[in-house]
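Scroll down for the structure; my scribbles are underneath it.
Letters A, B, C, D, E and F mark the chains as written, and numbering starts fresh at 1 in each.
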Amino acid sequence: MYYHDKRLQYPVVVEKPDPAFARMLQQAIGGVEGEIRVCMQYFFQAWGNRAPTTKYRDMLLHTATEEIGHIEMLATAVALNLDKAPASLQEEGAADGIVGAVMGGERPRHVIEGLIHKNLLSSGLAAMPVDSDGVPFDMSHIYASGNAAADMYANVAAESTGRVLAVRLFNAAHDEGMRKMLRFMIARDTMHQNQWLAAIEDMGAAAALPIPNSFPQEQEDQTHNYDYFVTSIDGTYPEGRWTQGPSVDGKGDFTAFRNEPMGEEPVLGPARPDSGAQVEQIGKP
Amino acid sequence: MYYHDKRLQYPVVVEKPDPAFARMLQQAIGGVEGEIRVCMQYFFQAWGNRAPTTKYRDMLLHTATEEIGHIEMLATAVALNLDKAPASLQEEGAADGIVGAVMGGERPRHVIEGLIHKNLLSSGLAAMPVDSDGVPFDMSHIYASGNAAADMYANVAAESTGRVLAVRLFNAAHDEGMRKMLRFMIARDTMHQNQWLAAIEDMGAAAALPIPNSFPQEQEDQTHNYDYFVTSIDGTYPEGRWTQGPSVDGKGDFTAFRNEPMGEEPVLGPARPDSGAQVEQIGKP
Amino acid sequence: MYYHDKRLQYPVVVEKPDPAFARMLQQAIGGVEGEIRVCMQYFFQAWGNRAPTTKYRDMLLHTATEEIGHIEMLATAVALNLDKAPASLQEEGAADGIVGAVMGGERPRHVIEGLIHKNLLSSGLAAMPVDSDGVPFDMSHIYASGNAAADMYANVAAESTGRVLAVRLFNAAHDEGMRKMLRFMIARDTMHQNQWLAAIEDMGAAAALPIPNSFPQEQEDQTHNYDYFVTSIDGTYPEGRWTQGPSVDGKGDFTAFRNEPMGEEPVLGPARPDSGAQVEQIGKP
Amino acid sequence: MYYHDKRLQYPVVVEKPDPAFARMLQQAIGGVEGEIRVCMQYFFQAWGNRAPTTKYRDMLLHTATEEIGHIEMLATAVALNLDKAPASLQEEGAADGIVGAVMGGERPRHVIEGLIHKNLLSSGLAAMPVDSDGVPFDMSHIYASGNAAADMYANVAAESTGRVLAVRLFNAAHDEGMRKMLRFMIARDTMHQNQWLAAIEDMGAAAALPIPNSFPQEQEDQTHNYDYFVTSIDGTYPEGRWTQGPSVDGKGDFTAFRNEPMGEEPVLGPARPDSGAQVEQIGKP
Amino acid sequence: MYYHDKRLQYPVVVEKPDPAFARMLQQAIGGVEGEIRVCMQYFFQAWGNRAPTTKYRDMLLHTATEEIGHIEMLATAVALNLDKAPASLQEEGAADGIVGAVMGGERPRHVIEGLIHKNLLSSGLAAMPVDSDGVPFDMSHIYASGNAAADMYANVAAESTGRVLAVRLFNAAHDEGMRKMLRFMIARDTMHQNQWLAAIEDMGAAAALPIPNSFPQEQEDQTHNYDYFVTSIDGTYPEGRWTQGPSVDGKGDFTAFRNEPMGEEPVLGPARPDSGAQVEQIGKP
Amino acid sequence: MYYHDKRLQYPVVVEKPDPAFARMLQQAIGGVEGEIRVCMQYFFQAWGNRAPTTKYRDMLLHTATEEIGHIEMLATAVALNLDKAPASLQEEGAADGIVGAVMGGERPRHVIEGLIHKNLLSSGLAAMPVDSDGVPFDMSHIYASGNAAADMYANVAAESTGRVLAVRLFNAAHDEGMRKMLRFMIARDTMHQNQWLAAIEDMGAAAALPIPNSFPQEQEDQTHNYDYFVTSIDGTYPEGRWTQGPSVDGKGDFTAFRNEPMGEEPVLGPARPDSGAQVEQIGKP
């Protein structure tokens, strides 16, 4: 179970509110690379963890719990950046005074409205669980496969795209408070990338491969399990680490193989009567 | 641009059609771990690849093109497994003869219908771009971040969960033809896991970290970038590779740090007049 | 604006409630071929219709309004079919008495629950705006393009898949009341297919093509506007009405053309600094 | 920020694992009436709360934090109920032994697989953030409008449908451990219904109406703001508390009004050239 | 069944078309607080209503039917506001003349296009069933639980967020015709809030609680059914109506209770062989 | 199976990159009228085709394969148009130089960011499988019904809305390279409209109707299968091709029929005990 402290994990300060930046921050809340995703992903991986030891379950719970605080920081940052967004026609002045200055143009009110639509109309100038285009987060992005190694790679991927996003937001940020908050978040993503890779090392790295390592490899088709399949019409292909030498899992050797049909043309035959097809599909009885 | 051969990459044979298994196979077509996902993910990564060399773009195109053929094989397998599903009341006999035997119960018609709903009603006993619960594939699962290393980890994750799924389908399969096809697909997933990891090695492995490696680490908060944050109420935590020793990227040392608020309680202040809030939220003028 | 009559457009009678059939009927409510789709599609086409005459707008409104009544009939049919579904453990008897007989197996309670999950848990044994797999209807399926001819073809497609679905439900139905209702709905789909095709005739059929017919065809690439592009690796292709003779719009002649690249390999060049890419993608300054 | 304790808020014990019930429990996790919804809804309402006092923000945080623990309990319950679900063909025995007994039929393996599809194939017999039909939770269901009273009513609605769901699950449960857990959850929903209604009382109940109460009612159309509009074709309507007497907000009197068009037929006129319409829609120049 | 009159329920007049405002109005059509939602919600509640009397069913049908007319008014308003949006490069002049004046900037064409993307490209300058960010309406927002009291609270919530939205649109509107239409819509939302609350009064208000009132409260965990659970790490909490005094349903007394684990740490044990887990998760045989 | 050539089907050249136009092009990739849709639709129709001949399957495969190349061209066009979009604060200059000129305003950086949000933040200035509002493509739009004639009409509809979209993009395009590419794409849509209509002719046109033509029409309700139902309250209706004369399928005669209830008011009766309803809904025992 869970507890909270009203204070934030890290200071969130906005000196010059910028509604346009608020919308960009939404990507870090409700985007597929965002914090709701990692928070819920780590929780579901922990809650469903099956193993002789609770080591990974425990490790995941600490980080999942930390991530709630990240959503909280970002939600606060969005609300603070929306502070001077125009909420009504009468507030034009406010927009001119502060937002107007940031935007540098004459009467940018409609533009701002256009950028923050749902945050203005649907949440009253606060954060929402949506991305920077206003698309709600879809929980199918929570990867928790029941295989601990597959999950760790999904976590590395999440923290990699997450740090890429945080860096892009940092590069787009004008406000020093926002840049400070993002420096912290970028640092946490650095740790989390390393943390999940450490867990993979802990699982034996190459020994964990191919995932799942519980499937006896002699049962897979051993003719093509280390072949780079070439599908170009002229047979050319890019040589690299993936076309020769020992495979990364150390259990085979890479080769390039020109892909050609091993199967036949599939023919499903006529449709059955009463299947809702056209008469012509059904054929003669 | 693209070409096709009417023949399949690998033989798809179904001796004893099993509508219930057809539905399970749908997960490998339209599930988040499925073949539409990897196919489209590799294509979008290739088409958007920016680099001084086209090496990764080229490598991705070969494999993306291969994956179209995997969707094709699975779609064929679904159609063949649905071959004896009951399409109408009059066909009860067919169901009894073949499917009935598989299911082992009396009048299993409604059960089968319940398992294959949309494949029966909406596609006429063919494959659909949906998962095993009939949920359509959502293209937000196509990860193509513009960062080649982040993308490769996303690809490893996709092929890891993909091979886990293929193994589960193999374990659930009754039909020898299906098991043979899955042996081949499992083998291809073995290769693809190795292939994307080989690309990461090619990018320098540790040198690629933290992703993106183009962001100067001195700009991130260096106090906490290698700390495992402990969030348990009693301060206990699971020790492991992630709490001590050098970090995986070789650029820091892991430590455990008991998380406590560094920020303050955020207070957004009263709502503005005309923002659609309640009078009580707006406060005194 | 709109009015209602409490009575149904057509009688909905269920003699032997069948929860499994209720779930199948959901496809006709919230499936992509279902009645919510056509109802809302015709309304949005009508409400957005721009033309010198209101003829099509008016025609659409009559049919859109009729379709509300179809959703109503199907919702009633679902509720009536769920009448004897088990709502609690104590009701096992009810299930055994009536549903049990339909299902023909011993203790089918869990099976039924599994087939009707959300209709039991989320709606209390009533209809929902979801399909037969419980997937909610997504309003992006409302096609209203602003081009009257394109819309009419979308309507023909909707009524064609709709009638295919109704026929499949008819073929799966046990209950005479349900079959009667479906005979009526199939008849209405017959009319509506003809109605939208009549509107296309009214627009001149071939003269309406290619859609939009307001775009001067001399502005399109006239080299390939009537070519069937052959993409097979061996250049074979299926000859038919589409490879020779005058085109359907009467404005060209069909030919088969072996597709080959007219463009070059696209090269996007290196990523820009600060774009969140890897160092290796950015290249030398 | 947040903390965790590894122990559960309330005991979760499953004596006789039942995969079919596991799927039903999914509705309480990822259904629109489920715990992810209330948890995230209360968090976003708290994080975006604007008012002269932090009273409601604080109150919300306590309950939001509690709800994480409810998702955790349900996720645990799902995993425990899936404990004996068949994961592979070889495990048929396990199914026969325990699940088989519950299901009471011969070889129910395919049926179970059909009921738990994604929990088997995609999560490895664990909980997922999906509903009982496998549809992922969509975060657009997080209502946080920026108006505290509107939000409280949304919360009452969520806890009402939530308790209805919990009662239905209780009525369907066989296992004493599950019934005990649900008794607790039903009790918490009782409290939360009362809690949000208490907050509405605290806001003045009738004085809070109509929401938002910051909009001057003299600006709304005062002719029809307390009229029950009758839309039946014969003008009949159901009399009740809503057709006569003082309105609930005490600011008007209910009346029934027979609805008739006050507006005209809307005519949008011809489409513009270059808008992609048909020639016939564009009209003469 | 249903009828229509070509005239609108209330006049929709737009003097100065404003494409940016058209996009904002989309929230009232396809947003979660919009008119499609309430229209379909009331219909599904009516069509699935089970009770000894048809009173609520009848009441719902009148209002559901009214709401179709509201979608119609808003769709008309969107189309009229898009009247002068630029549809092609050649129309720059039109934009400059009218829209340009509203926007106040030089060559705002791209900005407008950016604000109305799909309404321009996909619907030809007409309304769509999407929200102000272009996200299609998802019918999972139709709450119809089978419990009449829960449904009424869901309706109050819908009309409360709906009126909040209408007020925000009113505050953002420049055009007198639009403001007049919104005054009417705000008034109707006032009535509908009162109407559903009147229905709750009609059901006995406190007597209806806790919802569902058909579940015997002695079966719920009576230790914690009126406790406000405190989850702050320091045990502080906001006192209020919800921490003391009689509960709103009059069936208990509010107390604050410091939440602590009553359960144990859940341990799921090792994964089973053949479940697709890693070897290390499976443990020793 | 499939092959690729690194070269594009047709040249894609962008002289003056325009980020705003990039976003518009997204509609042609991930919009419901876009190329992912037709590509996947033709593939799934081909892979599931059941008929005595493989003629349609073969024809579909050629065109599906062609369409992959169209997604590729558009993805390339999006990336090239984003080439000068601002990726960071430091790049302001770039924006001013090129994009600024296009946009014609002072410091348009925030506006551009607002228009291309996810393409900047989530894909690093590349194409994504989303529409012009950033909404991801949902594969439920892949219509493959198992009825060849219904599918062909769905294809005509797709290519009609597709060509309408391409024309709108052409009309909005500034860049000569883009206009050239679109001329080619418009031409291909011309062919594909004709191609699917040719297939319908091949199936017999009127003889294919009503779809499915395998359902014996004497089983449908023959009283109303060619009636145009009038639902206006005053009985007026628009006369046209659809109210008189022979039906398009030649199997009936159109008539107008004033719609009136043929059914009764549906009454579902009281809710059952234990169904989670209110006491008042359940009624007396």
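The rule is simple: contacts are C-beta pairs under 8 Å (C-beta built on N, C-alpha and C of every residue); 3 or more make two chains touch, one makes a residue touch a chain.
Please read all numbers here as calculations on a predicted model, not as lab measurements.
The minimum number of touch steps separating chain C from chain F is 1. With steps allowed only between chains in touch, the distance from chain B over to chain D comes to 1. In this structure chain E contacts its sequence twin chain F using mostly different residue numbers, the overlap staying below half. Here the CA centre of chain A is 12 Å from the CA centre of chain B. Per-chain Cα centroids separate chain A from chain D by 25 Å.
Averaged C-alpha coordinates put the centre of chain D at 31 Å from the centre of chain F. With touch defined as above, residues shared between interfaces to two or more other chains in chain E number as follows: 1-9, 32-33, 47-48, 50, 54, 58, 61-62, 65-66, 76, 79, 87-88, 90, 105, 111, 114, 122, 124-125, 130, 133-136, 138, 140, 145-147, 149, 161, 164-165, 167-168, 171, 211-212, 215, 231-233, 259, 261, 265-266, 268, 271, 274-277. Across the complex, chain A meets chain E through its residues 1-6, 47-52, 54, 87-90, 105-107, 110-111, 113-114, 117-118, 120-122, 124, 130, 133-136, 145-149, 203-204, 208, 211-215.
Chain F meets chain D in the complex at residues 164-165, 167-168, 171, 233, 274-276. Contacts from chain F toward chain C in the complex involve residues 3, 5-12, 32-33, 54-55, 58-59, 61-63, 65-66, 73, 76, 79-80, 83, 87-88, 90-91, 124-126, 135, 138, 140-141, 143, 145-147, 149-150, 153-154, 156-157, 160-161, 163-164, 167, 170, 183-184, 186-191, 193-195, 197-199, 201-202, 209-212, 215, 217, 219-233, 237-238, 240-242, 247-249, 252, 254, 259-266, 268, 271-272, 274-277. Chain E contributes residues 1-9, 30, 36, 40, 43-44, 47-48, 50, 58, 61-62, 64-66, 68-69, 71-72, 75-76, 79, 122-130, 136-140, 142, 144-147 to its touches with chain C in the complex. Across the complex, chain A is touched by residues 20, 23-24, 27, 31-33, 102-105, 111, 114-115, 131-135, 161, 164-165, 168-169, 171-174, 231-234, 259, 261, 265-271, 273-284 of chain E.
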